[in-house]
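Next come two complexes, and both contain chain A; in the first it sits with chain B, in the second with chain C.
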Partner chain A sequence: MRNPLSPAALLEGLTGSSYVRSLIAGTVGVLGLLGVLGFAFPESIAGDLAGIVFSASTGASTARLAAPIVLAGLGGIFAEKSGVINIGLEGLLIISAFVSVYAASVVGVGNAVLGVPALGIAFLAGIAASTFLSAVFAVVCIEFKADQIIAGLAVWLIALGLAPFMSTVFFGGVNTPNLGVSVGWQYSATMVVLATVGSWWLLNRTAFGKHLRAAGENPKALDTVGVSVSKVRYAGVLLSGVLSGVGGSALALSIGQFIGTGETMVQGKGFIAIVAYLFGNYNPVGTLGAGALFAGLDAMQIRLQQLGYAVPDTLVQTIPYVVVIVVLALVGRTQIPEAAGEHYETEE
Partner chain B sequence: MSDSDSEGGRGESVLARVVAPFVDRSVAERLLISVAAILLSIVVGFALVLVSGRIADCSTAAWTLPFTGIGFCYDPVEVYVVLFNGALGYPFAVGDPGLFNPEWTPFNLSFGLTLSETTLLIFTGLSVAVAFRAGLFNIGTQGQLVVGALSTALTVLALAPLLPAGPVAGVVLIVVGTAAGAVGGGLWGAIPGALKAYADANEVITTIMLNFVAANVAYVLVLEVFRAEGSSVVATRYVPEYAQFRPWLFPASSDFALLALLGGIAFIGALYYFVEHTPLGYDLRTSGVQAAAAEYGGVNAKLTTVRAMTLSGALGGIGGSVWVLMSEGRWMASIPDLGFDGITVSILAGNNPLGVLPAAFLFGVLKGGALEIGFRTDVPTELVAVLRGLIILFVAMPEFFRMIGRYTGVTGGGLGGADTVSTTEPDETAGGDGGETDA
Partner chain C sequence: MNPAVHLDGITKRFPGVVANDDVDLAVERGSVHALLGENGAGKTTLMNVLYGLYRPTEGTVRLDGEAKSFDSPRDAIDAGIGMIHQHFMLVDPMTVWENVVLGNEPKTWGGLRVDREAAREAVVELSERYGFDVDPDATIAEISVGEQQRVEILKALYRGADVLIMDEPTAVLTPQEVEELYGVFEELTEQGKTIIFISHKLGEALSAADDITVLRDGVNVGTVAADGVTREELAEMMVGREVLMEPATSPQEAGERVLEVTGLSVEDDRGVEAVSDLSFELRGGEILGVAGVDGNGQSQLVEAITGLREAASGEVRYRGESMRGKSRRDRIDRGMAFIPEDRQERGLVMSYDLTENGILGSQHDPPFARVGRLDWGAARDHAESVIEQYDVRPPDAEAEAESLSGGNQQKFIVGREFERDPELVVATHPTRGVDIGSTEFLHDRLLDLRAEGKAVLLVSSKLDEVQGLSDRLAVIHEGEFTGVVDPATVTEEEIGLLMAGESLDDDSVEGAALHDAADDGADAGIGGVGADDEERAGDEEVDA
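For the complex of A and B:
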């Protein structure tokens, strides 16, 4: 038998299916081609593009933009693998983004509570808010057997109303004042990588991961061996709340402000997160790749604007959405857990 | 449905007896759940206003909790009075002698704004409802509305110079413009329908994505090509006055046209007839309740899916036409969340076209009242957005109300009986079935 912790086996496990492998190979290939072209013709568009793609500032903003997408996406994997489709990730990001900024402003930047600096408190508060909202969602779905899609939509709409509402109550406007500090991209990137590796380990190498997958694929079997399906599903949904909380807090604290106009500063990143994990086929590493790809496109577009290319930024922002539709049309049936979206009645 | 006959007359509420001739018990139960959900969200909203009033700063308390003397900055009673009374234009004289305000007429500005919202929500609500009945969860009404609105505005702007200005041209432009909106929205709705039918792509995801695509592409199109000269916002030119719905009886600034509302009500009737009494409507309903059985019975499920989504998109597109021709007079980038509100309206209405009218009116009141809250109180108007989310959340959990019904022993009117649960089951899982388990 192979040693499951040998590097080769780990790599095999991490890259998972051939689908994820081809995704990674494709991305590396495009980047490589761009690098060669840019090196060969530095004066052309390819040269500029290569300069942008491989520049440090693009990397930094990619890390910043990827954090909410990847973290919420990882959370979405846990919820959906357990059999609860959490379409409310967007709402979880919104609420944690606001609460983290609020907590930081209450504590006061530079102060500390029990030795934890204000930004640490901010993260904890954001995570708590998001987890609380996901707990409400879990109770509604698991205890009261609500339609998961409708309840998820409600979570989004509640957060979309509540965050600007609270911001107006506390700060007199839908946008909070700027805290004056921000969390560096290095922290975001570290959190994303740690969360990805941790999620992969939890899903594939622990008993909890097995139970989680069983709760989504075959809840009856899980019930038969004496594990409570409800408890596992609660754990899955709460984990999605925790991870989204980290993502939302990281998003808001990376600029030190909550913006509540229109669709708020989250601007559909929760939905892109759903897309990222579907695109990554429920594999945390694939989700990281897809999230980084979408965030990278966005970051590149910002730099292109600065260089004076008249590409309407909204069109570039549309690319991830179109990509998703095309991928769904080609792949069609995503490998959605068998019992996802269904209630499970424990048989006494 | 049959058990409502056998148990008829025993333990049924007056309400149920009144509506019994044309509804079965599952509909009565839905009605009760919707009302309970609204009341519960109002209670939660009350608490929210109180809590935020405790946090906000003010010198004198607007409201004091009885017996405790704890003061709050916001008065939740006043908020709801302003919300509901204000949305109707203050027909009730609060604080003055006499119940009714003698100067009130139905044709006031606030009521006009409320009815304007109601009219728009009728179309988006119907759009979501018709897809739901076919077992499809169309979250894309917003995008279909954006596309429909843009095709209406561009069609009317293109045709207007070719016709002599006048009422006749106005009628032609409104009819053609609305048709263009229906076609635009219908095509945009057909995309996720076809993807669902022929590529098995989950319509919940594709419609959410298409919302973003529609908003972004329409924005860029107007920004780069169709933007009105000298406009500070991203918007097209105004369509001519004579090609807009006339605000009969109501003040022009209310952006409301009685004709459009009547049109909406006609659509409700037509759609009800279509869904309940035509062969196509039967195909639609059966594939929503039991897709496999429908196919076995000779229904072309794939074609039905595309048809339902196209019809749903067309209704959303007409909503966009009405928004252009009645409310704004042009296409502009900041389109309100009418499509998402349509989801709430449809869910609240139990996806029944007839229920869309009261549900749309309730949301019209909430929207109209939000403006009044902004004028008259310090409470942020986003409160109404929170209420919207809460209502959806509560309507989504009928089991909660059944549980309460069982604990309190309320079984009248169809709430709480085990047989009722089984009759409502197909309807409730319709959205979910179409959304996930088939995908």
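For the complex of A and C:
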């Protein structure tokens, strides 16, 4: 195997057909190099870094942080592939994060409703809230033909205002009290992997996947063979709501609390999710890789700070955005659906 | 025996318009039927009734004698009707087989999986049965336009179509591909399929159809057998009066050199070379036609000459002066008129009225501009004179450009550009979307300009047009002239070969490359009757 780190090989990999594979190979390559360096020089920064990267706690926190990014990213693929650009993923994560914690506190940890334990109810409530908001977004965009970008921003701003407000109403502060339980990282990791595999199958092997792609590329072609473009697009947007709901709930329940200060605990993960699926070229596996990469960097940054390195967290958080600019501008490999962002009007 | 398709007394009214008035149309099983007519004659509306897109106001659709009522295209498809639109309804990044089965995918695993093997098998089987040479695993983006059309036909056949409706099937094809399409027609009809195609091209109807029905103003003027009618008779049926089939060109003395292009290379938006090392010259009083399949560098050539795109290398000299670094405005001021390919994108501001559109490009100049302000009175007079001379309808200078039909927009642009009193006219598809009568008029105006000693670069995908009007005819293929021929002596087959990138080795090429002012183009043969590539656009406005 060629050295995946040589610039030529990397660029060729990025522009070649095995784009996603090379993305993963590159990540593995970086980690491998770091491991070797860390093993050879345990006292250096590389040693510390290796210690962090290969520590179980970094792994766990990567899984926790990756869940909202990957799940919302997968949702974003469905919406955008169908032709509706959903930049409101951030809002969907926020609303589901709050509602899941609220539902758990209403049910009461330890109690169950109809045999479903409180955390299960919390997930369902988070998913329902996110799906409801995405349904509103879908109606506004598909039925009333609003600008998708503006409607998406509205979704974000509504959730950003509403979640801390409701928290203040119900709990007397923008942060909810801690539930005292949390969902383990293993659950997050399992959900992410299952959702990735399921999404891949749905997109690439089912008739619905073909219809989704046609709706985003040439909706008229789909319409003329008798498949409703609107229905397919509604399905795409609602799926983005469902998946983001899982992601937002997983994020909040992994701590057991909703934090509503500033940008809330979601902190731009919905936007990084968009970056992740663009970076992964609308491929669920690539999105998983990109999401894990971004979450891993974030987790490392947190650990480095704990070890006393003055890593500017704000700078680390810009990495995904820098990456997407580089990918979109230099490589230009990402294939945005032809009709994404365009309204479709069927003939009579 | 009942006809396969019988449209019985179809009337379709839209608010304020009768698109079809009591039209009868009977098509025999296994035959090819051409539906011929000008812009807005109601051909597309009639076919949309048959395809279930519209419900007829009055009348009945009968298939094999049985009355049918379609609420949607889905019903029509179920009844065995397939429609192949002029603009293909294909998903570019998907493969041929995926496109063919789209919406009717065979499934396994309780619907959780598309049965790719079965789908591919069915597509292969169909294309073998009808002798189509299409690779089922190629993506649509990879295959030629002719193949894409066959994929559209496969789509219809896969859905069990017995009657195929084709809207302007030859509009996007090279002459060779047209021949292949006629072969496909034969193959299909032999196996019992029925074909109805919409056309405004007389030659096409005569050579491909068994029967021809002519529509005019929504009325069936008559149905005739293709072998019992002449081109002139058909033209008269279409227009309702006698039509001069060939533009009357006359010998013309070539004047001074107006345009000189040397070693011009131009890149397209993706940075791919679209025009390669092209050289030619154009003199006053001369029309140089450029023929070729769309997308072979015509757009980039024209843009480089008119200043809309920078050349990668080479030079454009206009009346002896290098145009390097000269802006679009410099070129307009020096008397370059331009009829753009995309009239809605570059020819007009759609939300401006005709008064405003009429001064575009001249807004700096008197009489419209006076000491820093616009004289709207003069602008209005100008727009009205263009409207009157070029028969733009509705004749209203305050009408917004977007309220006009495609053909009328085109007439207005042509009028505005010709009235600039240009030295050079660069005209791309000047009669696209214009009906026969107006086409005739625009052709005459082009010839008037030539007679006045102006130079004309005429780019058109209509062979008959470039052949009939040009003094010299250059054929472009992948950014290079594969030949510059004498339009009076060249045959359609020869042009077709050149368009496909082949070269001719006989002397006619050499002879015509020299400027030969004596040809009159009168025996160009095909006649300048091609009316329209965008009838649907016009029709939709009526229907709205």
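By our rule, the second predicted complex is superposed on the first by the 329 of 348 C-alpha atoms of A that agree within 3 Å, B and C clash if a C-alpha of one lies under 4 Å from a C-alpha of the other, contacts with A are read in each partner's own complex, and residues count from 1 in each chain.
The rule we apply is simple: a residue touches a chain if its C-beta (ideal position, glycine included) is under 8 Å from a C-beta of that chain, and two chains touch if they have at least 3 such contacts.
Everything numeric here is computed off the predicted structure, so don't read it as measured data.
Participant: Does chain B (first) or chain C (second) touch A:120, or do both, or does neither?
Facilitator: Neither partner.
Participant: For A:146, decide between first (touching chain B), second (touching chain C), both and neither.
Facilitator: After superposing on A, A:146 lies in contact with chain B but is clear of chain C.
Participant: Thinking of the overlay built on chain A, is A:220 touched by chain B (first), by chain C (second), by both, or by neither?
Facilitator: The second partner, chain C, only.
Participant: Go through the superposed model and pick first if A:87 touches only chain B, second if only chain C, both, or neither.
Facilitator: first
Participant: In the overlay, work out which of chain B or chain C sits against more residues of chain A.
Facilitator: So, of the two partners, B touches more residues of chain A.
Participant: After superposition on the shared chain, which partner residues are touched by A:206: those of chain B (first), chain C (second), both, or neither?
Facilitator: A:206 sits against chain C, while chain B stays out of touch.
Participant: Taking the contacts chain A makes with chain B in one complex and with chain C in the other, which residues are shared?
Facilitator: On chain A, no residue contacts both chain B in one structure and chain C in the other.
Participant: In the complex of these two chains, what residues of chain B are touching chain A?
Facilitator: 48, 52, 55-56, 137, 139, 195, 199-202, 204-206, 208-210, 212-213, 216-217, 219-220, 223-224, 334, 340, 343-344, 347, 380, 382-390, 392-393, 395-397, 399-400, 403, 428-429, 431-432, 435-437, 439
Participant: Quick check on the complex: what are the chain A residues that touch chain B?
Facilitator: Touch residues, chain A against chain B: 85, 87, 140, 143-151, 153-162, 164-166, 168-170, 174, 262, 268, 271, 274-275, 278, 312, 314-315, 317-318, 321-322, 324-325, 328-330, 332-334, 336, 340-342.
Participant: Which bits of chain A are touching chain C when the two form their complex?
Facilitator: Touching chain C from chain A are residues 201, 205-207, 210-211, 213-214, 217-218, 220-222, 224-227, 335, 338, 347-348.
Participant: Quick check on the complex: what are the chain C residues that touch chain A?
Facilitator: Touching chain A: residues 53-54, 72-74, 77, 83, 85, 89-94, 98-99, 102-105, 107, 111-114, 155, 159 of chain C.
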